[in-house]
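In the two complexes that follow, chain A is the common piece, with chain B as its partner first and chain C second.
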Partner chain A sequence: MGKFLRLLRKDLEASKWPVTMLSGVSLIWYLFLRLKLESTWSLSQVMFLLWFPLMFLPFWLIWESFQTLRTEWREDTAYTLIVLPVPGWYITLSKLLAMFVEYSLLLAVNIGGILVIFRTQLPEMFGSLLQELPVSWLIRSMFILYLASLGIFTYAIVFIQLAFVVSKMVGRLQGLVALWVLALASWFVNRMGILLEPLFRWVPPVSLDRLFHMERVGVTYDSFLWNLSPQIGIWLAVLALFILTAWLLEEYVEINE
Partner chain B sequence: MKVRRVTLAVLLLITAVAVADIWYLGVGAFSGPPHFEVKLQCKDSCDYPSSVKKQRFTVLSSDLTSIQIENQYGEITVRGTEGDEMTVVSTITVYGDTEEDAEQYLETVQVIETKEDSGAAEYMLPNVPAGPEIRGVIVNYEVDLPKNLAASVGSQYGTIRADEVEGEMEISASFSDVMVHGFKGILKADTEFSTLDIQDLAGSFDLDDSYSTVKLDLVDVQEGYRFDLRLEYGSLHHNMPLEKKVDDGNVIRAAGKTQAGNFPIRIRSSFGTVHVHVK
Partner chain C sequence: MIDSERVVVIEGLRKRYPGVNALAGIDLTLSRGEIWGLLGPNGSGKSTLLKCLVGLVRPDAGRIEICQEPFSRRAKANIAFVPEVDNLYRWMTVQETMDFIAAFYDDWQPQRAKELLDFMRLDPKSKVSTLSKGMKARLKLTLALARKAPLVLLDEPLSGIDPSSRDRIVEGIVRQFKSEEQTMVLSTHAVGETERLFDSVIFLEEGRVRLVGSAEDLRMEYGKSINDLFKEVYA
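Showing the complex of A and B:
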């Protein structure tokens, strides 16, 4: 456990500067918008531009999950990493968790930044929304969506880690091989979800309107059901790809190209 | 070198399986069983146990100047009446996981009547927080409205009906169906994402709308109508002669009148479809 935490700390240390820089850029953007709101721009213009840093976040996360592995090769630390007396999944999982921490921090900085910088405009910006929706419901729903986004990012990060590791196992055209692996991994995960679905039909669907307590905001007509039976096969396939990535990294990746 | 060769061989093998899979089963086979389903439950056939309560409010029209009703999900029906009593009958339906839950919650909610010194009366269900065991609360209003008593009705995700009403009426609606029949007087509406079906209107009409479909059928009266229509990014259909201008290809302005042109018909619509016919 100690070794895993040291790896995690190393990955978090490495992401310190990008996170600080992105947080700073986001906060400067919000301050700029606040100044523009006080001078010339209308509230609707500012509201539209306000979400740009948050919309950029998923793309950055996907890039960063690739970059965090690439840096190990570029800075010649990959060899040290691989010869460490730790299983391969320690390395991939620490990078995955580091990405979660980075994402959570950036999300917190962005939302906190908006709340603090625009605190006097909040009633005007979100007043009508808060009149319709209880704050406790909003916070709970946003937390569930945050957990769901972590799940989706896990898919993306596992795919990218596998693509990167396999690309390092071939001599040439590594970028092309990485894209090739991404396509095959998508096919494999999708197909596993379909093939294993009959095995998990006994699992009851999750009612999303119950999960989100939609009755608290007056939505009662429709019931959105999330079928877990095809989903479980996909989760198992993603887990299998994660284990495969760790095994390939531990056993077969060549450092000297 | 061996690792590289084996990696490439495995990738090629998996690719061959994937290509064969797509070749024989088709891309459609990728969709598989649905991950999400929508189970429609309309209020008439709600699966959950329910409990119902009615309230009746009666006021002499001489004691009132106007009434106001705001609602979500339910239906507001306004009927014009010859009498001098205004009545509002509200039907509250609570859906719960069990009938007991619904009944218990129903005891805590009721429609409130608020009267102001000016003679304005408002009817509404206060927003009472519901527990997770409550699956929905729907209020339907039925109003008998004497002539020349002003009414203001608002609906979100619901329905508004007005039959044979005479006087002044304001409608605000979003994501709702609005059906007005045989209205005489001044009708004002502020709507979005709704459908408005107004039949046999004799009087003036003022509409501010976005993203709705509007059908306005006017009775051909001697007083006549004066049209002032402006549609942004929308379409206009009419059966009377109108002077039409199209600015920048996106803004349609239409003006004209029938007979004496006494009743103003003013429509401002964005991203909507408007049909205006004079019978």
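Showing the complex of A and C:
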């Protein structure tokens, strides 16, 4: 466990600079919008531009999950990493968890930044929304959406790690191989979702109305049912790909550049 | 040689890259307590052999045993490896680098690490990115020698290093090598500067062992130094 935590700490420390830089850029953007709001721009213009950093976040996360492995190879630190007497999944999981922490920090900085920088404009910006929806309901719903986004990012990061590791097992056309692996992994995961679906039909569907407590905001009909049976197959396939990536990294990847 | 003295056993090791036979069937047994010189010109297979021993390259055929165990994750814990490339995290300080490596190896010797740091004249607070090539080479050697690893592999530790760092590195090896516990393999083509270190030598050529034996026996047999023998073999 200590070795895993040391790897995680290393990955977190390595991301200090990009996280600090992105946080800074986001906060400067919000300050800029705040100044514009006070001078020339209308509230609707600012409201539209306010979400740009948050919309950029998923793309950055996907890029960073590729970059974090690529940097180890580009800077030759893979020579240190691969010879460590640790299982391959220590390396891939520490990078995955580091990405989660980075994403959560950036999300917190962005949301916190908006709340602090626009605190005097909040009633004007979100007043009608806050009148309709209780704050506790909003916080709970946002937390559920945050957990769901972590799930989706896991899916993406596992794909990217697999594609990167397989590309490092071939001498040539590494980019093309990585793209093929991404396509193949997507096909495999979706196929597994369909094939394993009958095995998990006994799992009851989740009522999204109940999950989000829609009755608290005046929605009482029960029509949003989330069928979990194909999802379980998909997640088992993602887990299998994660194990495959770790095994390939430990047993088959070569560093000889 | 009794089994417990065999630190490395290599049988029929082969590795082929497109158009190149990097290792063409290597058989070697390295015993405990010796410093082995792995000698050969560029492209002779020295680095590939060391990378196979540490798991960075997967052989196409053959068998490797480290400390009487087939190569595995557990065997990696018995090896201290210094690659030719700069494998250090540039954003870490010297101390952070040492703490990072120490966390993964039970054989890390904190006192020995401190002594080596002083001997190599490395400032623990310096960022790796600010170190010269020679200082980085000293740090890499410190990381390897601060462990009581049964097998120490050094891949071209003097390559491209300034003379003062070269002397420090050779002196560091002489001081810290524990002959009763360790085996060291040092690959180089700078034979003149390292000859005095070697108990035994392996001459590689085109992925094959051309000559192997005790350095003293070879000197006696051929009537010349290992450096002169190296020049003659690869002339």
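Throughout what follows, the second predicted complex is superposed on the first by the 255 of 257 C-alpha atoms of A that agree within 3 Å, B and C clash if a C-alpha of one lies under 4 Å from a C-alpha of the other, contacts with A are read in each partner's own complex, and residues count from 1 in each chain.
Just so it is clear, contacts are C-beta pairs under 8 Å (C-beta built on N, C-alpha and C of every residue); 3 or more make two chains touch, one makes a residue touch a chain.
Predicted model, so just to flag it, every value in this text is computed and none were measured.
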item: Fit or clash between chain C and chain B when superposed on chain A; value: fit
item: First (chain B), second (chain C), both or neither touched by A:127; value: neither
item: Touching partner for A:171 - first (chain B), second (chain C), both, neither; value: both
item: Which superposed partner A:85 touches (first chain B, second chain C, both, neither); value: second
item: First, second, both or neither for A:2, with chain B first and chain C second; value: second
item: Residues of chain A touched, compared between chain B and chain C (which is higher); value: B
item: Touched partner set for A:250, first chain B, second chain C, both or neither; value: second
item: First (chain B), second (chain C), both or neither touched by A:230; value: first
item: Partner chain in contact with A:14 - chain B first, chain C second, else both or neither; value: second
item: Which of chain B and chain C A:75 touches, first, second, both or neither; value: second
item: Minimum distance between Cα atoms of chain B and chain C in the superposition (Å); value: 5
item: Common ground on chain A, meaning residues reached by chain C in one complex and by chain B in the other; value: 171, 252, 254
item: For the chain C and chain A complex, residues of the former touching the latter; value: 17-18, 48, 51, 54-58, 73-74, 76-77, 79, 81, 83, 85-92, 100-101, 103-105
item: Residues on chain A engaged by chain B in the complex (per definition of touch); value: 134, 166, 169-171, 177, 180-181, 184, 187-188, 190-191, 193-194, 197, 205, 208, 210, 213, 215-216, 218, 220-227, 229-231, 252, 254
item: In the complex with chain C, residue positions of chain A that touch it; value: 2-3, 6, 10, 13-14, 17, 75-80, 82-87, 171, 250-252, 254-256
item: Complex interface listing, chain B residues touching chain A; value: 3-4, 7-8, 11, 14-15, 18, 21-22, 29-30, 32-43, 46, 72-73, 95, 129-130, 132, 134-138, 157
